[in-house]
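Pasting a structure here, questions to come.
Should a chain be cited, it is by its letter among A, B, C and D, assigned in written order, with residues numbered from 1 in that chain.
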Amino acid sequence: MSDKPAVKKVVLAYSGGLDTSIILKWLQTEYGAEVITFTADLGQGEELGPAREKALLLGIKPENIFIEDLREEFVRDYVFPMFRANTVYEGQYLLGTSIARPLIAKTQIDIARKVGADAVSHGSTGKGNDQVRYEVAYYALEPDITVIAPWREWDFKSREALLAFARDHQIPIAKDKLGEAPFSVDANLLHSSSEGKVLEDPAVEAPESVYMRTIAPEDAPDKATVFTIDFERGDPVAIDGEALSPANLLTKLNELGHANGVGRLDLVENRYVGMKSRGVYETPGGTILLAAHRGIESITLDRGSMHLKDELMPRYAELIYNGFWFSPEREMLQTAIDFSQAKVTGQVRVKLYKGNVSIIGRTSPYSLYDQELVTFEEGKVAYDQRDAAGFIKLNALRLRVAAKRDRRG
Amino acid sequence: MSDKPAVKKVVLAYSGGLDTSIILKWLQTEYGAEVITFTADLGQGEELGPAREKALLLGIKPENIFIEDLREEFVRDYVFPMFRANTVYEGQYLLGTSIARPLIAKTQIDIARKVGADAVSHGSTGKGNDQVRYEVAYYALEPDITVIAPWREWDFKSREALLAFARDHQIPIAKDKLGEAPFSVDANLLHSSSEGKVLEDPAVEAPESVYMRTIAPEDAPDKATVFTIDFERGDPVAIDGEALSPANLLTKLNELGHANGVGRLDLVENRYVGMKSRGVYETPGGTILLAAHRGIESITLDRGSMHLKDELMPRYAELIYNGFWFSPEREMLQTAIDFSQAKVTGQVRVKLYKGNVSIIGRTSPYSLYDQELVTFEEGKVAYDQRDAAGFIKLNALRLRVAAKRDRRG
Amino acid sequence: MSDKPAVKKVVLAYSGGLDTSIILKWLQTEYGAEVITFTADLGQGEELGPAREKALLLGIKPENIFIEDLREEFVRDYVFPMFRANTVYEGQYLLGTSIARPLIAKTQIDIARKVGADAVSHGSTGKGNDQVRYEVAYYALEPDITVIAPWREWDFKSREALLAFARDHQIPIAKDKLGEAPFSVDANLLHSSSEGKVLEDPAVEAPESVYMRTIAPEDAPDKATVFTIDFERGDPVAIDGEALSPANLLTKLNELGHANGVGRLDLVENRYVGMKSRGVYETPGGTILLAAHRGIESITLDRGSMHLKDELMPRYAELIYNGFWFSPEREMLQTAIDFSQAKVTGQVRVKLYKGNVSIIGRTSPYSLYDQELVTFEEGKVAYDQRDAAGFIKLNALRLRVAAKRDRRG
Amino acid sequence: MSDKPAVKKVVLAYSGGLDTSIILKWLQTEYGAEVITFTADLGQGEELGPAREKALLLGIKPENIFIEDLREEFVRDYVFPMFRANTVYEGQYLLGTSIARPLIAKTQIDIARKVGADAVSHGSTGKGNDQVRYEVAYYALEPDITVIAPWREWDFKSREALLAFARDHQIPIAKDKLGEAPFSVDANLLHSSSEGKVLEDPAVEAPESVYMRTIAPEDAPDKATVFTIDFERGDPVAIDGEALSPANLLTKLNELGHANGVGRLDLVENRYVGMKSRGVYETPGGTILLAAHRGIESITLDRGSMHLKDELMPRYAELIYNGFWFSPEREMLQTAIDFSQAKVTGQVRVKLYKGNVSIIGRTSPYSLYDQELVTFEEGKVAYDQRDAAGFIKLNALRLRVAAKRDRRG
């Protein structure tokens, strides 16, 4: 490509795997750029040491290798804010991949500023959502940055061509990477996702082998697991009374969910780039968290706030899915959502059983549930049943006028 | 009450139970009105013969006793249209009670017109949503009708006073009605609900005894049940290839759900009249239907339609919950929703296992899922990965301009 | 009425006019309550001295007479926040009456707390919106307060009965109050409204005599008036470079609007209590402010924020119109709206001419308008026209897939 | 460009002007394609004869020249449906350009099918919205069509290069086209718009010379013009009692608006492609129509429908602005909007005066305005003022419970 922008230093989101290693080399050879690698621990469950070694092996200078544990920041500043909104995309998907991208992009930009890099690069393909999420975030944070998306640019026509390039450049190829993977995977502390290949026909059930985060409900214990989650201002803070940091809490929920077969989802979704795709998601802790958060909100949140939140949620979910975390409209919505959570404090009791999550109890010092109002006896806030007659009459008035009109008309 | 409206004939929604029998008598004695009883079979699972006998016993003339099987109309014209929207109230409740009220009200008004009645009456209390749903529907359909809501009007101060009235008027009292029920129940073909008494403390788990529509997941078979549902234009029409009428289809789904412990829900909801209440719902067939409908939509519905539907849904659900089925705005939304379903035709494969509902396959002659688009090979609709660069660039443009401004500002 | 609640002290929203004077007396005689009068200066353009004298004359103790100048608080904390949202009810009405009620209610409750009153009262009728706005605010701020709405309670059947009561209780009756007013009026610094009587037939043009805040466009100068408004964070702060307090600024805009025949509106609106009503509104300064605020937003607000604001606005307007200023959902929306205004700073140039308001210039240190982007030359944020091809292609992709499906189907 | 798609026949949206004549030639020379010209009369106020002659002069075969009068279709099937929704983009813009593009695109595709063309082309630049509107419509209607957007493709670096190409190919150049136009113009029966050059600085007032559709308010008659508009099912059908076809009616409204200085707008808007742009719009008839439609709706539309419409409108406007007329979600919304208009029938009385549009009277056989409800006397639909107490009490209940909680908390 003749119109490649001149690039001096590029920060690459580097996993240590074969593909991003090829990208690393390609950036060096095609752009002649100094490559800075950035590898994040988002709880994907892989050791990061090998990524460092691989980078060194590929000639990256030690000071150009950035490895960061972002787990607490990820859960505290991205996952929890999103769950405050009970966010679900297209009625089902808990956005486990979507929510990780802005943090990776932001950290890349931070590093680019630190090292004086003029470009960033990622390993996402040209058909998916992740390229959008990365790049929209890059541009929103650093508007003049150069973005290199090798999968959209290079000329490799096949897997074989890629492997040949790797061999030519002494990139080690693990044996299991010689063939094509039966599906592609994304993972972080919130979820694992699988898509492609064996999952491509939406008529065919996903094979058990794609699941990695949860055991099958069929294999889960025959006895339910019951525990409590404490919330403060909309965020979970303790399990069974034990205070936990955000990442530790989600880790614990993941273990509970994993062991009880909770959080599997097999769906077809609409990508922002315009096509439908089929994915299998496992979000054990997140699935529990959503139910628990709804549970604590059910007694602490006013109806007006709750219904407004429910109406705003699909838009909010779409913004995150499409990659607009760093947009003024997402921030506007977040401000409103966070405002609503001031009294979302209390405890829910959760029961897990072979894939099921049930909320079986809720308590709060800020409860709006008023037992006296509901029972037949009149409560402290006197409820006069006769008020209901007037309430109904005036609510129906416009319909009565219209009915008379329609009869007349 | 001195300002009671003069009423000649009143159509009472009559269950045959003790409470509505007392109302029947009370309408006769207090209003001096001729009472017409209307008992509907909505699939609540009770025989209707006793209701007729009881009405006769209480002196209702045979020609004033209306007993109607509304099951098919209920499912076809109320339940299915609602499920076309994937309707869920407050993120969880499938509106099983709410959706039945407008049909009962409408049939009452039809009967009132037929017999020339000038009033209608129901047995709902002054604290709940059902009074609103009934009465808003009455007024919307027949704006000058007189509505009598005995629970809001009469002076009985206690259960004992009610029973005394019953005894005074020779109303038979079943032994088990002498004490108060441990909770109150509503049931129809879509669901059963329980609330009150033993459920009043939201911190305390619902006892197993409140469940009547489903066996516990723990008691369900150790082997999954797998079957198919066929959809046409958004509505289910067949199970495992067998065409079924709407009511028969829902009945069959209920059986499948029942047997697999599917569809239990324990929640705290916000009533329209302003208080929170705790209920336990069982919606076995509906829970399956919701998942299956989402499944068939996932491959047949365009993203634009789906996201618009998702954004409109909370409002639509609120309208049904609040009793505004017969309102122009509900009808406007329905028109849009129905329009979207023209191609929601095809088959989903459903797996039930101990409370879990999974969609494990979807096919449709109108599928929008295009395997060629998703795979690396370019499809019939050529997808050029380089298009993504421009797509991202222009979507990010406003954010870049803002980022430059914010830096400057 | 036998079920009148026992009331010791009641704070009455008192205008000093005949109607609230009758209420004052009626509260004393019917409730035997000690009456505290509260008269607010909201810029309605009436002297408050006579209200004090009248209250004294009717036997109110000096320490029970509260007269407060709320103009700055009104504009700063109610009017301006509302205009940040470009709020318009039913596409037209600037909510001049609605926005004043919560402040009056709040001040009444503040006084009630100070003097230890157990009740509040207002002079609004049982058919309008204002009763709702007052009382919802009372209850939201002081949930156990007793609310007395004399117009809904008393038995006066006619204007004559009211006047007789006034005469019996030595309430002075101005000569022009002997007959019925040709229409009723509400006024404050934001607007004047007229409704009733001569305005009741929506087919008939409002007579010129109902207008009191504006001269007719026909009578306005033949030469345009041009001036600038400076905004800071969404609020106007200066006119023609002169910094003005909120109330002074709105007063100045009112003068400019008045002189140029700006801000008249004749409409039929939908009341919250279920009926339609016809009103004539004059909002000279507010009409200018709305246009000016849109003008400064047009160059400083990102598209995402603006469109989100536009979608939320009708809901926000409805909340204010219906009386839910002090509700968590209004506050949620306000939080989001206020967040969006951080950079809505700059200057607009306004032209008024015989009823027309035109924005003829906008500048801002935070402008997002980028002349280089729009012109053919490529700007600092490089805009590559070829990006548009990819942008369009991917945006159209789902429609192409659907078109192929529909052809096939 | 080496990767130009092979194209045999291309239908060009041809105005007869210099730019599209250059495109015509360029398509012939660069693509070697047979060019079919399509020129539409959308009421832009230009004779179409010259376009035919010019096409012939440039070598287009007579059977390849399509000239169509689309005025009635434009107003009936595009403009009126849009006005049923009271559509306004960003609070101000009446979408006069946006609404014409889908019809032009649709007709181009119709012609392409008729003549067997495999491509379509338009003369919009790569920076604007129109390219998107054309192309999204092309793809939605004919998913495999090849789209040629010369302004995005060719290599002309300057106006001079374009003119040189024109001279080289014997394209006649009008004298006034030798220099650059002071602004660019779009026009159709609904509006004229101007943008660019002299309008590029949003701080500077638009010069009087850009206005072409309206006289200045200052130049309008000193006496108001008053007339009536009849509506049927949401659409205007007659002026002063004279039935008119859609295009004739809009033409008449344009004349009335023109003569009274109605419909000028100077604004900065957000383009879909991500930048802000400044435009001057004149929509004389549309401005009247919007006010008149709101007027007839104000007495015929139920509150529920009206508020739902108001909430949906910004989304609907955005879809049209962005070019998604032929999308399932726009059609969903249209279905709902059209449903609401069934009784929007009646007459409004309109007054125009020096730029002002006032609705001074409304009547309808389907009026929901009930004079008896509003007056003090009780109406046919009995309104009991005491009902308001219950209405308020229950509406405030949740706020009272929350206030007690917050005090406690």
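Operating definition for what follows: a contact is a pair of C-beta atoms (placed from the backbone, for glycine too) under 8 Å apart; a residue touches a chain by one contact, two chains touch by 3 or more.
The UniProt protein names, listed by chain, are A, B, C, D = Argininosuccinate synthase.
Quick caveat, the model's predicted, so the values are computed rather than measured.
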{"item": "Reaching chain D from chain B through chains that touch each other, fewest steps", "value": "1"}
{"item": "C-D compared against B-C, more contacting pairs", "value": "C-D"}
{"item": "Centre-of-Cα separation between chain C and chain A, whole angstrom", "value": "42"}
{"item": "Chain centre separation in whole Å, for chain D relative to chain C (CA means)", "value": "32"}
{"item": "Where chain B and chain C are represented by their mean Cα positions, the distance between them in whole Å", "value": "40"}
{"item": "Chain C residues counted as touching two or more neighbouring chains", "value": "143-144, 270, 273-275, 302-304, 307, 315, 327-328, 367-368, 370, 373, 381, 383, 386, 388-389, 391, 393-402, 404"}
{"item": "In the complex, chain C residues that touch chain D", "value": "86, 90-92, 125-127, 131-132, 135-136, 139-144, 149, 151-152, 196, 200-206, 217-218, 222, 224, 264, 266-270, 273-278, 294-295, 298-299, 303, 306-307, 310-311, 313-315, 318, 326-328, 349, 351, 353-356, 358-363, 367-371, 373-376, 383, 385-386, 388-389, 391-393, 395-396, 399-404"}
{"item": "Contacting residues of chain B [partner chain D, same complex]", "value": "143-144, 270, 273-275, 302, 304-305, 307-309, 315, 324, 327-329, 331-333, 335-337, 339-340, 381, 394-398, 401"}
{"item": "Residues of chain B touching chain C in the complex", "value": "302-304, 343, 365-368, 370, 373, 380-381, 383-384, 386-391, 393-395, 397-402, 404-406, 409"}
